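Below are two complexes that have subunit A in common, paired first with subunit B and then with subunit C.
== the complex of A and B ==
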């Protein structure tokens, strides 16, 4: 049981460190003014999505790190869950933006997008929060499962 | 006594020739300019009679003496004009007519080299090259001295070139975008090159040199849509496969989430 707890702690800590790194990258890049693209990762450069969004991701990482030590304890579990919720806010708005952007045909185009245009909207690169989303879901699933068994 | 006079005359002649060559170099090019950036420009391909020839910017630069702002601009304008009029066809040299509004030696040499109308060029066929200023003046005297005089008031309106297909009468006007030049470049040029309205300070001369380098590098490295009016930015091709994969993941994940919630509820 202790070994399993240690493994969970390490996993959440790694997730926390990566999240903090992404948050800092968001803030630093938006402070520089221009967005950056690294293969399938895109760090936005505008003040709202990059700067403010960067703070949210950074705090998500800090929540993960402060709650990773003993996730079985309810206060720590809630901190980790809160970190995940912050990630969901960011990734959720990104996905929502993608969906709304993919339907209309563009400024001078037709009312509805073409199939290639529609699918092209979902193409990479993606913001850091999108990469963190699946891991944040797994973490919350683990916490819920733990609560149920208890 | 005679040999002394001959020596003096010879010295004078040599000195004048040297001074003249230095003055010409300073007038045509930018002394102390940075080396050329890394660039890749496709050659202008034309048919000179039966022979297909490729004209590179390096050849044009060699003919003129250097790759300068006007030469590189004229080369890019010719490339664009030919692609707009002939498309994928290779034009015959004697079917090309270029009407330039820019009275500068760099652009003159480039257009003359391409149309085969320049001095010392041996070509099978010749196209046409004319210089007509924005006010409608037809320039027949294209000597360096006269061009320098005419180029005093050069502004963005002068950076326009008509590339025409003689056989069909089709023409395309290539006009350089104002954004290709830094703010206040033409006023600064007037000050530095002609002392109008007053002589330039050393700071202004340094700024002009750096502006000149920026413009030259832009003409060598920037895409057409950034340099010329009416050229649309090419649309990025959609990554349909990447988008389809992500969209599928999104749909499957949403479906799983909803079914998980329903199954939990029904268990309760």
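== the complex of A and C ==
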């Protein structure tokens, strides 16, 4: 049991460190003014998604780190869950923005987007929160499972 | 039948044993998450994230999907050209009021190519009401209703209570403040949630001056997307600075509050739908007639030369003190009828980015729209006169300060 808890703690701590790193990268890149693309990763350069959003990703990482020590305890579990909620807000709004962009056909195009244009909107690169989303889901699944057995 | 004290206690015990369940309290994950959202250290980042989500969804739905995605195309590509073609009397006064005020180049009447510039009742009026304001208001009230029904709003009230006490208000002032971002009219009514006259006066004045309504936000998102953050920053700073000053000079009490914070819960779709319908429909009953009336009045004022005359008279103040072109006098007059229309008018005036920012902030703080004005009058004429007096001072001072800041950083 103790070994399992240690493993969970290490996993969440790693996720926390990566999330903090992504948050800092968002803030620093947006402070520079231009966005950056690294293969399928895109760090936005605008103050809204990069600056404001970067702070949220950073805080999500801090929530993970502050709650990772003993996730079996309900207050720590809530911090980790809240870190995931912040990631969902970021990734969720990114996905919603993609959906709203993918439907209309553009200024001079037809009313609705073509199938290739529609699918193309969902192609990479993605913002950091999108990469963190699956891990945040796993973390919350674990916490909810733990809550049910508590 | 008369019961003695012991029999009454027995009866109470017997009823209580039937209706009260006793158990051991267990601190659940939901409780712990609820606590995180009210503690400043953790609650503030969460509030920042919620606001981010709110604003991002607002922009994506209202701006990208509805207005830019479909309504601009519908109104500029089909509705405007069709009306310009079928309506007789191009260049005449009725044509200018209803369809297209256009412009004169070398003595020739030039038709507008988009609904922001046409300024006719049936073109710009309908475009603003349906194409811009409707999606903005629907998504704004939908998200507000969700936050209320989930149970986040009382937590936000607790979280912000200390800050709002600095300006003579308390946590519940967040309700009229956020409602005001949708429409100032119901927000004025919502100030009744505050206990004292002092609090209601401060709240009413601040929301009339510093809080842009959903319609205005929708237009700002459409015409000055790159400047909207700065404009809102100026408004937020002004809200707190002038709130702090008002708290010092307005006599009266600012009592504490005791809030019952409910647990988080899943919103019920039927409730959300009912609330959304009630808010959107009441907004439209007030807003749409004023948008259309605003177009008529502003066009008539332009046609009779009143705006030009006013611009000439106020030119020294506008150009010298506020640092904006004298042509902004027109939008400022229009702002009394509809602030969203006024921002749309500003978008077609040639000016620098900082002048545009100053002008948009001025339109926001200059005067409550006539519907809000009427609502404030209903709350009390003394409060209204007081608010207008404060407003006049704030516009003059804050407008000048914004110009000064621009000069100091070398952009004005």
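Just so it is clear, the second predicted complex is superposed on the first by the 150 of 150 C-alpha atoms of A that agree within 3 Å, B and C clash if a C-alpha of one lies under 4 Å from a C-alpha of the other, contacts with A are read in each partner's own complex, and residues count from 1 in each chain.
One rule holds in what follows: contacts are C-beta pairs under 8 Å (C-beta built on N, C-alpha and C of every residue); 3 or more make two chains touch, one makes a residue touch a chain.
What you are looking at is a predicted structure, and each value in this text was computed from that prediction instead of being measured.
Enquirer: Following the overlay on subunit A, give me a clash-or-fit verdict for subunit B and subunit C.
Expert: fit
Enquirer: Return first, second, both or neither, reflecting whether A:59 touches subunit B, subunit C, both chains, or no partner chain.
Expert: After superposing on A, A:59 lies in contact with subunit C but is clear of subunit B.
Enquirer: I'd like to know which partner A:121 touches here: subunit B for first, subunit C for second, both or neither.
Expert: In the superposed model, A:121 contacts subunit B only, not subunit C.
Enquirer: Does subunit A have more residues touched by subunit B or by subunit C?
Expert: When the residues of subunit A touched by each partner are counted, C comes out ahead.
Enquirer: Quick check for you: in the superposed arrangement, does A:82 touch first (subunit B), second (subunit C), both or neither?
Expert: second
Enquirer: First (subunit B), second (subunit C), both or neither: which does A:32 touch?
Expert: neither
Enquirer: Quick check on the superposed model: minimum Cα to Cα separation from subunit B to subunit C, whole Å please.
Expert: 13
Enquirer: Of all the subunit A residues, which ones make contact with subunit B and with subunit C?
Expert: On subunit A, no residue contacts both subunit B in one structure and subunit C in the other.
Enquirer: In their shared complex, at which residues does subunit B touch subunit A?
Expert: Answer in residue numbers: 238-240, 242-244, 246-247, 250.
Enquirer: Which residues of subunit A touch subunit B in their complex?
Expert: Residue positions touching the partner: 40, 95, 116-124, 126.
Enquirer: Show me the residue ranges of subunit C that touch subunit A in the complex, using the header's touch definition.
Expert: Within the complex, subunit C contacts subunit A at residues 27-29, 31-33, 35-36, 42, 45-46, 48-50, 52-53, 55-57, 60-61, 64-65, 68-70, 72-73, 229.
Enquirer: Any idea which subunit A residues touch subunit C in the complex?
Expert: Spelled out, the residues of subunit A in touch with subunit C are 47-48, 52-53, 55-56, 59, 62-63, 74-75, 77-79, 81-82, 85-86, 89-90, 92-93, 96-97, 99-101, 103-104, 107, 111, 143-144, 147.
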